[in-house]
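Structures are listed in the sections that come next.
Each of the next two complexes has chain A plus one other chain: chain B in the first, chain C in the second.
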Partner chain A sequence: MKFDNEFFSLGYIDRLSYKETFIHNIDARVKLAISMMFIVCVVSFPKHVVLSLIPFFLFPVIFLTVGEIPLGFIVKRLVIVIPFVFFIAIFNPIFEKRVAFYIFNIPITYGILSFFSILIRFVLSVSMIILLVATTSFSGICYALRYFRVPEIFITQLLFLYRYIFVLSEEAMRMVRAKDMRSFGNKGTELKFYVKLTGTLLIRSILRAEKIYHAMLSRGFNGIMPYRKKRVFEKRDFLFLIVSMLFLYLFRFFDIIKFVGRIFVRGLS
Partner chain B sequence: MADALISPEVGISFWALSLGGIAYSAKKLKDNMDDRLIPLMGVLGAFVFAAQMINFTIPATGSSGHLGGGMLLSILLGPYAAFIVMASILTIQALFFADGGLLALGCNIWNLGFYTSFIAYPFIYKTFTKRGKNLFIATLLSSIIGLQLGAFSVVLQTYFSGISELPFNTFVMLMQPIHLAIGIVEGLITAAIIRFAASVKPDILEAVYNLNNQTYTRSMKKVIGLFVILTFIVGGFLSWFASTNPDGLEWSVEKVYGKPELPEKEGGIIAKVKEIQEKLAILPDYTFKKAETKEAPAQEEESYPNIDVGTTVSGIAGSIMVILLLMGTGFLIKAFKKRAV
Partner chain C sequence: MSHHIVRFEKVEYEYPDGTKALKGIDFTITHGESVGIVGANGSGKTTLLMHLNGYILPTRGIINIGDLILNKQTRQEIRKKVGLVFQDPDDQLFMPTVYEDVAFGPLNMGFDSKTVDEKVKKALEIVNCYDLKDKPPHHLSGGQKRAVAIATVIAMEPDILAMDEPSSNLDPKSRRALINLLKSFTHTKIIASHDLDMILDVCDRCIVIKDGIVAADGPSSKILSDEQLLEENNLELPLRLQKF
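Entry: the complex of A and B
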């Protein structure tokens, strides 16, 4: 059932993010900054570039293996979100038919090149995001956002949202289950039932917010969520940041593929 | 919008716009907010999430849909709070469901948050509803317009990024009708949910509206003016960047001639335009050494048959080697980890 899957995968990422590995222990600020730089580097290539994107897979590979994240989980996510990008990318070979070059007499058009380029960009950026959250606790990410001067109320919202998604999803799941058990086949998915179900959930949510507010007041809430003030920026965080930036720079501005290929070809002849 | 389809310029510009929107809304909320709104915002955001997981069948089509939530939040919370909640929902979606992307997050917040909260809500919803009247029409219209603007904005962002080859007109024709349908469904169910909630527990909704009215001051015109100016600045910035990328031009030329390659003599005009563009641009076509050598054939069409066979071979060999190297690294780390345990 789709509903349960969505819900459980969220909990699954949360559990993954509390592992203790080298990658998990790197400061969240470093990981967030590196992920952002990584995506900007990948995306900044001209659209027909395919091969130069390949070295960037080093980052997901390192995060995946060192962080002990199961590959199947990443692949599943990729498959779920690919349709939109694929739907847009598929038009490139159709609209752009100029031939770029021939490989063993098979013409390769610019459209085909950019199609593959988009797909690789997609896999790189999406896997990097999933690996970021799977190796970083959410409170860590919020801490990093706070450090980067994102407005306080927005971070408060993120923390609230993250906590109550679990609570309200469970509530919604119970309601859907109860409804499913009392209706057969496709019955009960009509609009009027949906409206009543969701409307009830809305009322319950608002009532719950009221209760939460009183609970917060009784614990001394004054408009700002308290948080642990300081996190130490250790030597290994700094090292990780520098090394990652070095690799990103190398991959972005030097043609690694051509370099390795030349060595290989020369070695053969 | 996804990371794979945007260029860094577009991504960063819309990050700036969205962060500006968040900062502005945060300031507005701080100035005159009831603390009660904080948990309400959080829980309603989570509600939208939970509601998105419930599906319904769309009458007559049999396909299933779910709630987008932007309009519902605006109606219940007012524009500033709704914008922030929408931004936080999209952030969580980008991070935990990999829906959208990190760089594209700015675009997504803008497309799904700004138009509903700051255009559809104050200008359409508010003018149509005077004290709960016309709820259905107001919600329907503002949902449709919010989504149409959002969809158009997706098209513009994709077009300016220049990664997709979809011609502007075709993309518009694809996106707008789909989002018209989505907007109608969204508007209808939003209105229905609110009316249902109001009929069951009128006092609760009334309390929520009171909270929101407290923070919602009708100074929207100033905000919009500010954002229009901002948009023009960003737009100018973008189009200036896009002009260094002659793809758009090539497209229109292609349409005129009806075939992909230009007659020989027209090359002169293109070359001249390119020359001017290169003079105007500070960063002409990302002049990074390596990228240039790769891009060069894309610019000069005559040169493609002369591509060196050697470079092709070393390119293929190189990629295979690098892929093997990467896989090797992965397996080595895994093996090492297993031994360490």
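Entry: the complex of A and C
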């Protein structure tokens, strides 16, 4: 029943995006813009930087807590992708053996620094994107993309992907269930089955696509997806945008860690 | 009011693979009539419906809808007159939210956003689904999907409503709600279905299609009580007329 689980977790992220919290209610264009700026800021640091990246965790943490997204949900998704990044970064400590500094006599090389730098950047940007999707309705994201002049054809693709991924996966789920019920634990033919399942799904979706196109034509479709301009910026959207940009600017161009550290040290002495 | 007439004259249709689906259909439906189209599986009902808004064009014969002869040039115009509701609402609802889906037709017809708003509201209120307007279609129940699918079509204010199995997969209460809804429409209605009780409720007239030709055409009460005719077409008496 693994397939069932996957299917329902797909529905889960969708359900999350229909909550009503402060973060959910922020205009999708603002959230998209902030997320993009966030990623650009995170990625644009020099390659050995580790500490300066830490303050950026503020953003995912705020999205997570205010948006009432369960932490486990994000972690699970990160864990799936992390091995890939791990193997991309793993060669840095091997090739770059110049020592940067010592902590308790343990030499820390530039390679190790850049290794962690890559991992942190990855966690930051991927969790930000997952959180963006989990706190914004899909139609909102498409609306925002359109606002930022992403070509119409990509948006149309996205809209249909989102609309029919549920229909298609439900279809696949029913087929897998039907097969499970008649296979009596016989595992030998799994692969063969999935090959055929994929083929059947492809043909079914082509047929469905034809019907959908028919439905679109009967409602006057002429090649361009129509949409209406409706949403307006509210005060809180502006406020959120400006405050977020301010923080991004601070985190990117000032050494917050050093600053906080100095205050801390001064407080101690 | 002769301009909402639907007339099929010796309509034949052959699928590209050579299957002859329609072999000479003749009938005339006048303004405001509600007509049930019944027949066995594979008798050509769906093919017939697909002609109604020009998705497919007849191989031979003439289809006249609202004083327009159906051809490549007129089919855009005809699509505005004929609203077609599909059997599977998942095929009909393709936009991310209910509102956008209902607005799709009116926006394509070039109305400004205020008019579109009004049309969408009106259409959704007719089917009692205005509260669902911000939901994505995959969060709706089967009955709600069907109702919204009908709303997407009536938002374009067609003169003629054509439906393929509108009552399939509905629970009895949703089915009853649908029947009452259909009864309240004053459009010309063309309904293809195996649900003969519904046809009896909604349609005054009934056309039986058999192997691509019209096997019988007359008042529903007469056709749907003709046991022999129904049996010949893989049908049976509506439950309500069966004697126990």
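Operating definition for what follows: the second predicted complex is superposed on the first by the 253 of 269 C-alpha atoms of A that agree within 3 Å, B and C clash if a C-alpha of one lies under 4 Å from a C-alpha of the other, contacts with A are read in each partner's own complex, and residues count from 1 in each chain.
FYI, contacts are C-beta pairs under 8 Å (C-beta built on N, C-alpha and C of every residue); 3 or more make two chains touch, one makes a residue touch a chain.
What you are looking at is a predicted structure, and each value in this text was computed from that prediction instead of being measured.
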Could you check whether chain B and chain C clash or fit when both are placed on chain A? fit
Quick one: is A:F148 in contact with chain B, with chain C, with both, or with neither? Answer first, second, both or neither. neither
Taking the superposition on A as described, I'd like to know which of chain B and chain C A:Y227 touches: first, second, both or neither. second
A:R208 contacts which: chain B (first), chain C (second), both, neither? both
According to the stated criteria, A:F160 is in contact with first (chain B), second (chain C), both, or neither; which is it? both
In the superposed arrangement the C-alpha centres of chain B and chain C open, at the centre of chain A, an angle in degrees to the nearest 10 of 100
More chain A residues in contact [chain B versus chain C]: B
In the overlaid three-chain picture, which partner chain does A:M36 touch, first (chain B) or second (chain C), both, or neither? first
Is A:F22 in contact with chain B, with chain C, with both, or with neither (first, second, both, neither)? neither
Tell me the contact category for A:F238 with respect to chain B and chain C: first, second, both or neither. neither
I'd like to know which partner A:R219 touches here: chain B for first, chain C for second, both or neither. second
Overlay on A puts the nearest Cα atoms of chain B and chain C apart, in Å, by 7
Residues of chain A that lie at the interface with chain B and also at the interface with chain C: 159-160, 162-164, 167, 208, 212, 216, 221-222
Chain B touches which residues of chain A in the complex? 2-3, 6-7, 10, 13, 35-36, 39-40, 42-49, 51-52, 54-55, 57-58, 61-62, 64-66, 68, 77-78, 80-81, 84-85, 88-89, 91-92, 94-101, 103, 110-111, 114, 117-119, 121-122, 125-126, 128-130, 132-133, 141, 150-154, 156-165, 167-169, 171-173, 175-176, 186, 189-191, 193-203, 205-210, 212-213, 216, 221-223, 252-262, 264-265
In their complex, what parts of chain B are in touch with chain A? 2-8, 11-12, 19, 22-23, 26-27, 29-30, 35-36, 38-47, 49-51, 53-59, 64, 67, 84-85, 87-89, 91-92, 94-99, 101-103, 158, 162-167, 170, 189, 192-194, 196-197, 200-201, 204-205, 208, 260-261, 285-286, 288-291, 293-295, 297-298, 301, 304, 307, 310-319, 321-323, 325-327, 329-330, 333-334, 337
Going by the contact rule at the top, pick out the chain A residues touching chain C in the complex. 11, 14, 137-139, 142, 159-160, 162-164, 166-167, 208, 211-212, 214-222, 226-230
Of all residues in chain C, which touch chain A in the complex? 50, 53, 55, 76, 79-80, 82-84, 86, 88, 90-97, 100, 103-105, 107-109, 113, 116-117, 136-138, 152-153, 156
